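Going in written order, the chains are labelled A, B and C, and every chain counts its residues from 1.
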């Protein structure tokens, strides 16, 4: 993809100063501009880069008057940041939406149906009895088991594995290596010390607008469904155990793990590397600091916690500060003990 | 798969009250019953759901007399929980054992042999010189390198990657995205600050009845074997480093990591997100709390530890309780200091 | 691969005592020797194994005189450890370099070019407009998106997923299940509580001699590049977020996570399960203990830290020791309080 400064200025409704025929093929930050890229200047702090950037074009405020000569072409608009965001979205759309059609060899099971404008990459596998919506993109080497439903406009990146019976909503994004519907970790201890697997016959439901990061795993329910609510965003390498439910618009950072049957509320924000024990409930709008361990239910909406085991965020900070001073605290205690001994001797 | 209530009652040897020809195609919890599902009532606490469930059939005690009209068909048996488990296992068997044959395109290297009743999915790859047992299921896009042995009845889920030379026992389950036999993380520091890889030429051995969760990684040994003992159950996203050995029937929860050459005993239970340093030994029947960090060997069987760094489970709980009160403790100390100052003035 | 003791002795320039025609097909530690393997004796501590090992041949010092009869053939050399390392490297090279050619079916996009002596496994996918260097090995089921560059001698193990636009250097190793270039975790909160994805249009750059462990994920930059410096070694299951930069020859152990825009210096050593918050800078030669949480920048090169939140390594050890004794410390404080009460009564 390549555009001229002239073409971009037309899209943004901006005025050009400089070389209108310069060729643009990518976007950059102004401080990291390279020839062929377009950038923007919004925060005055970055103005010095205007005169040194290697970018071929800069989107800038129409109120701006250059103080010195500038190598880049300028596109003058009312709101440079908004204009750049428009461009960013357009660029992203072009980058990602170009794939359609069914590459060969690929495997689509009998009695499965696919919607219009679908992309199926080579070596992708769609099992039997699946319903795949329109404008869905299934990248190479993705696996979709039997009886899976996938909604419209959902993107299944390369190497995603979706076990049989899973239900995926509209507008979802599953990044490379995601596993949906693997067996829950349930075993019945036997008298001889061995463990017998408990059949895991439930499934996973992803509601609309869910985004799942690379190599994240979501286990199927023992019975019923593991449910990821509408608009939930999960980062990379996260573990979601069987029968977990995550409420609408909750966001969870990388490498966090949620144990079996735990229900997390709506609009929660969870940091990275957090662990939740099983069978607890987390209230809406809870915020959990990174590396915390959540050992019991949180019932009051809007609670902020930190620590392993976690408790009130601010209280935890106070305890952490004193933890660092424990050697001093111990010394103080020893000094007092000595003083008291001296006092006792005197009395 | 679809059965009538009549057919299921015959399997269970139960008596029917209600619609014997109702169609059943899935199982559910009574509180989450949907039309077409069969559920059970064992715990009296759940009795209210009997009158409201959408399930089409309920397995129930033959001692039970309904108090009001019930929508679902009833199947009366002696022990409803056991009867339901029989059904669950049968359903699971039907769900998972239906695949046989070799889908095309797939790749099976020359001089590799496969047993009877095998399933090889499309886009699966089996290298040269492999021995694959009978009733093995290798799902689509799985990779099996050269010189690999796989025992009977083992299931290799989609996208599993098994490096050359690995040995997998009978009745093992490897979930999607599992990696077996990747290089151990061994590098020799060089005088210029760079690192030179130390060749990792050992392999991985999984003994019988091992279950490995999705996206878990087990590195090959530098020399010799990384060994996962009989009946070991590993959850998702676990890291097992080179030359680790894990004893029979040990169970490890998700996102735990075991560093190089550490030997974990038999019948241990390890929580999620635990870390073990390298080159230590953990006694049989050790239990390790979630998010713990194990920095040294544990020699006494049956020890329970918690914390990072970990120590005795109960002692750790006590310290954690006081950790939360550190600000109070500090205040108390300051108050005492002042009192002593006052006393000193008086004497 | 199979060699006689005679052939190996010729390679090493060693003298043989025993069966020169014994067949060798693998390497072993002396204490784990199996028939058909060759081992070495360097550390005198291991001498007892010399008389019991099942190995078919032992590399040993030419100064050595056997005290008793030995089953294995002996190869006498000046420096047994160095000789064994030569053999180990040669064995490793033979094991791993045998693959060349393009297996079918595989997919190589139009206008992509591949260098000489390349290996492309079956079911591997190379997009459009890619430049793949010479002697590159792309194993089965690997995915390489459009516009990707890969340098010479790089190894892409099975099931690796490289998103469009990534740049991979020479001599890199990407282990199975690695994901390069997935979307950064960036979302703009909306007034209704939902989140809108921020387009991630940057890429990932891996410089030369980088090694990435199995199932590790490296996200692309929002704009610009996520950069993994020359000679960096990342272990398994690591999370590298968008716009992170990691300096030359830094080594990071398994399951660590680095949040967005953080810059880690050169020659750092980072333990496993560590978390770094976003937007900080870590000085060169920093060493970080396992399970630490790094919440702010580290400016002094050569700093060693530990803990969550992390501070000076030695100070942290001292605090940890006292943490274990908190119940005793509290008791001491209560005792003092009582003593003071008594003293106050007396005065």
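List of remarks:
The rule is simple: a contact is a pair of C-beta atoms (placed from the backbone, for glycine too) under 8 Å apart; a residue touches a chain by one contact, two chains touch by 3 or more.
Quantities reported herein were computed from a predicted structural model and do not represent experimental measurements.
Taken as a graph of touching chains, this assembly is complete, with every chain in contact with every other.
Shared numbers divided by all numbers used gives the overlap of an interface; between chain B and chain C this overlap falls below half, so the copies present different residues. When chain A is laid over chain C using CA atoms, the rotation angle comes to 120 degrees (nearest 5). Each chain gets one centre point, the mean of its Cα atoms, and the points for chain B and chain C are 25 Å apart. Shown for chain B are the residues in touch with two or more other chains, namely 105, 123, 141, 159, 177, 215, 237, 255, 273, 308, 323, 329, 333, 336, 340, 343, 347. Put simply, chain A touches chain B in their complex at residues 105, 107, 123, 125, 141, 143, 145, 159, 161, 163-164, 177, 179, 182-183, 185, 187, 193-195, 197, 199-201, 215, 217, 219, 223-224, 237, 239, 241, 255, 257, 259, 273, 275, 277, 293, 308-309, 311, 315, 318-319, 322-323, 329, 332-333, 336, 339-340, 343, 346-347. Within the complex formed with chain B, the chain C residues making contact are 26-29, 32, 88-89, 91-92, 95, 103, 105, 121-123, 139-141, 157-159, 173, 175-177, 209, 211, 213-215, 231, 233, 235-237, 248-249, 251, 253-255, 266-267, 272-273, 290-291, 308, 320, 323-324, 326-327, 329-330, 333, 336-337, 340, 343-344, 347.
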